[in-house]
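In what comes next, subunit A is part of two complexes: it sits with subunit B in the first one and with subunit C in the second one.
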Partner chain A sequence: MDSDDDFVASEDDSGNESNTGEDEDGLNVALIDSEPTGSSHVDGNDRMEIEEEFPYEILTTEQIVQHMIDCIKEVNTVVQLPPTITRILLNHFKWDKEKLYERYYDGDRKMLFSEAHIIDPSETTSQKEIKKYLHNGMENCVICCRDLPTSMLTSLACGHRFCRDCWVNYLTTKIMEEGMGNKISCAAHGCDILVDDQTVMTLITEPKVKLKYQHLITNSFVECNRLLRWCPKPECSHAVKVQYVDFQPIKCDCGTVFCFLCGENWHQPVKCDLLKKWRKKCDDDSETSNWIAANTKECPRCNVTIEKDGGCNHMVCKNQNCKTDFCWVCLGPWEPHGSSWYSCNRYDEDEAKAARDAQEKSRAALQRYLFYCNRYMNHMQSLKFENKLYASIKEKMEEMQQHNMSWIEVQFLKKAVDVLCQCRQTLMYTYVFAYYLLKTNQSIIFEDNQRDLESATEKLSEYLERDITQDNIVDIKQRVQDKYRYCESRRRVLLQHVQEGYDKDLWEYTVKLDKV
Partner chain B sequence: MAEPVPGISAIPDESNARYFHVVVAGPEGSPFEGGVFKLELFLPEEYPMSAPKVRFMTKIYHPNIDKLGRICLDILKDKWSPALQIRTVLLSIQALLSAPNPDDPLANDVAEQWKINEGEAIKTAREWTRLYAMSG
Partner chain C sequence: MASMQKRLQKELIAIQKEPPPGVSVNPANIGPNLTQWIVDMEGASGTLYEGEHFQLSFKFSPKYPFDSPEVTFIGSNIPIHPHVYSNGHICLSILSEDWSPALSVISVCLSIISMLSSCKEKKRPPDNSLYVKTCSKNPKKTKWWYHDDNV
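Our next item is the complex of A and B:
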């Protein structure tokens, strides 16, 4: 991110870098590889056999800026406004040019400009309206209260004039301290007219501030634009540009594979909304409260939460202000129980039954969650260990090459670990999917697929972790190859089945989902 | 320099020119009438690009001023403009005393009382003014 020199405000000299096609390193246009090498090369894109490719481009920061300039130019050929105004307008419409055209040509243009906090360019330049505080040929800046030559003061289209020094200070504070880019308004009190790029770029001279401003503008361009998304890897400064929004994996030039819709790691088969619910469930302490519900009861009188720490069912609340006596089983007062516990005749009363039912239910829900969560976590944990496996496999590959095997002959090992990782990742997310799935015929098929994939994956993992030695290498190579091909095909079958379910609307969930 | 505003004074501290001792008279017709409220005003390093920090030193019963004397006023926060001055800020604070806004509260209990039973709230505000803002 070190040279964003081509920028909106200086767009005239930016014609030296084209946005598509002729990238110097050839890496920037990364269409997902969709050659019909087909079934045996599943490369993060499992749907390619059944559906068309999903085209996208990975853009560098410079290319993003160029893309922004191109968008502005394109709109400008139609609306014929100054480019800086076009940028503010486009930003207002979240870079949806169709919406902009619609409002610009069909709606009330005055209203449009005022909503976007711009002065209508057709009605400005009436210099006489601008209020100047003149004192014997000098003009007063109301911020610093100095009398200065008129040429030292400047204003936006709204006409609120301040001296250059004050403008520079104001903009620098907004940009550097408050991290504002496209939402900086005029420095005058109560004026909401937005500062345009041209003004910022001519007033600000310090490179650090300019750069920060450019980053802020670029960032808002990507964040607002529905066809763009930053690569989620923290140190990566690439963004992806798609042609239409879809649930698809994106492979960034930095190697990160993420979901275009939500920016998380690619998480097929489970969709973004369910994954988000799952993450929230895992993150917040809703499960703590589930545990409390399953393992504790409330004092029937003061409602303090109690955990039973002995065998006796005669409870005495330890809350000093309460000290009520009650029965742990039925939560009724202890008195009628008398001396003999087994005559607890309140046991079958409706109220006590309801309380127990609620407790049973919550306990069952907790068990169910833990079941899925354990398996999810387990695959996640294994996936982390597989990174170590890459290292040990690499050693093995080098060792084999020293023992009369060629480079190409040992590549199957790396491929096997790749497949193993893919399968683990898929399996991990199948448990999220399964957790929210209602039992149907289809869900049973899904679980069968899941079981097959899981057992094959575990076998593959075992082969790779221990069984390879010098002596059995030829035999094991065959077995490993067979196994990873089998894993690949099982994985594909599982994902296709889930996709089919999505397409035909076969899945039913235990939770309500917002319609996307 | 603009002419002084009646009922408001701001005197810089002897040892720190950024620190002002402010006195605002409770506006006529408000429950704070007759009270003399002390405030402190501090101009941060970034002033005038960022807002001055103002705080009531005198206890006051007002929905937009909390127990610590902090003030909920838009121009002291995100609506600050470098074109505003100490004078305009203090005028705005005086105006806030005349027109409490319980819908944008800082002191929740006071705001609640102001909404449920305005008469009672105004009575309390008068009482507090008498107790804390008239002594000296």
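Our next item is the complex of A and C:
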């Protein structure tokens, strides 16, 4: 066992390891050594560390705006259009500048501009000259019906002129009431030319409306840009910017750790598509119907659903219009059974057998789902409790500092809770992964890894519950440190094994997945 | 508010001076502050609605014309049309999403006349009974789903 512990400890970065009697762990590290893919552990570890350096930046709202401006500038040096038009074009192409260049230089520009709902800036706007001149330089605004000096009216490139007050009212209604930002079109009926941001920002003076507009524009910039994602925490206004799209954890400045691909809490080892299927399964009532299939039968005549909760197998349907007599076991008519149910002569008939098989299947499927679901829920629940643990640990740490320990010496407790939470989270998602996994040699190894991590995690949790006294403090510290290091390493081994399986395409699933 | 009054005043004068064919406004049917109008409409000759008389109710919010008016058929004769529900609600895009402040009572009336005139078969919308049972009193609260653009 000592050598096994060595193997585990050697993966630790800290040099403060020890091999104190941890025999009760019953860890089966030998299994991992002997697994076919075991040899690549070190490689996997190295690669994993590189992956941990997945480059990303957390941006504040101001930085997002700056990033947007930079993108526009960059494109502008190439296409040489007014920035407001570039922004609308970029937005049209979901901020994919390559696509924009391609269409701009290869395609029909006229078509491009009309698809993006803008007027080609190279076209002279003079053709749509002001027609509604009244006498002495006055012009009528068709919205408010006032005659105003021409200078009070303005239009987009499409030439539909309205007075400034009406523009402000129109834009304010669209922004504040309809929550529109990018898609506000000209106020004229049937005109689809989009209002550019500069027009909005010069016309609108009320700060509240301006702010909302900026927010809407930034939001659409982030939402349609594939290299950006908002932090999913509701009150957090940061976004993350990556250099390439990948299944990677992002740690926001607010502390939330989420998956870049789907924005859910980081859910390694299970991937987004399976997690989504799982969530849907948990939410919808597919399991309700499974329960019905597993625990009830249908009346062979009127098909009403019956749950048998006792009594003999001679069934009389309670449906007043049916009242069929039948046998619960074979679902055939009761008559031939006579008084001796045990000689149920239809027992081996194919039809009845098929019905029973189907029921068995539903029953097994339900049991299987409940098995994984219970464990998933259990870890989720425990994870919630561990968050409470932080508070009590803090107290403990203060208490220990009064027992002649320095601040730095008691930090191991917080670290232990961190590890505990990480392990709980990983374990929770391993059950989702396992639910969809077909049984293979690899899945057996996976389940062994899962079991080891689970038992180690439970032990760590137990240690943290123990009372710390002056007598046992040194011992406890040693045990807790050993245990969390062990947990960390088990977690790493499990995740690496799953990752290896992904890389080598070893996992087989019980459901079909769309190949990405 | 003041601009809304002024605009409605102008619109009222315009519709009385040059009403679209078949449309008339009785000054007695104009509510206080011009916020509620009842417009009379005759079915155009040569169409399925020839000789029929309809009444349209217009309600204007203080945000008019930036907010669309609430327009419904009222009275004893609700036209039987695939886009008109038996409670008088009208499924017409310019009354909700496609509303523009540059539109007016006259342009709404013209759209409705043209909607009626192009009808080839008098029938209620397919979901009429369910809609009438479940809808809000205000048609503007309905998330319209436009069946087709042809009629």
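The rule is short, and it goes like this: the second predicted complex is superposed on the first by the 414 of 516 C-alpha atoms of A that agree within 3 Å, B and C clash if a C-alpha of one lies under 4 Å from a C-alpha of the other, contacts with A are read in each partner's own complex, and residues count from 1 in each chain.
The rule we apply is simple: a contact is a pair of C-beta atoms (placed from the backbone, for glycine too) under 8 Å apart; a residue touches a chain by one contact, two chains touch by 3 or more.
Computed from a predicted model, the values in this text were never measured in an experiment.
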| field | Touched partner set for A:368, first subunit B, second subunit C, both or neither | value | neither
| task | With the two complexes superposed on chain A, say which partner A:169 touches: subunit B (first), subunit C (second), both, or neither. | result | both
| query | Now for A:160: first (subunit B), second (subunit C), both, or neither, which partner does it touch? | reply | both
| request: Considering only touches as defined above, state whether A:146 meets subunit B (first), subunit C (second), both or neither. | output: second
| Is there a shared patch on subunit A that both subunit B and subunit C touch, and which residues make it up? | 142-144, 160, 162, 166, 169-170, 172-173, 177, 187-191
| remark: The answer for subunit C against subunit A in the complex is residues 3, 6-7, 10-11, 63, 65-67, 94, 98, 100-103, 107
| In their complex, what parts of subunit B are in touch with subunit A? | 46, 48-50, 75, 79, 81-84, 88
| Where on subunit A does subunit B make contact in their complex? | 142-144, 160, 162, 166, 169-170, 172-173, 177, 187-191
| In the complex with subunit C, residue positions of subunit A that touch it | 142-146, 160, 162, 165-166, 169-170, 172-173, 177, 187-191
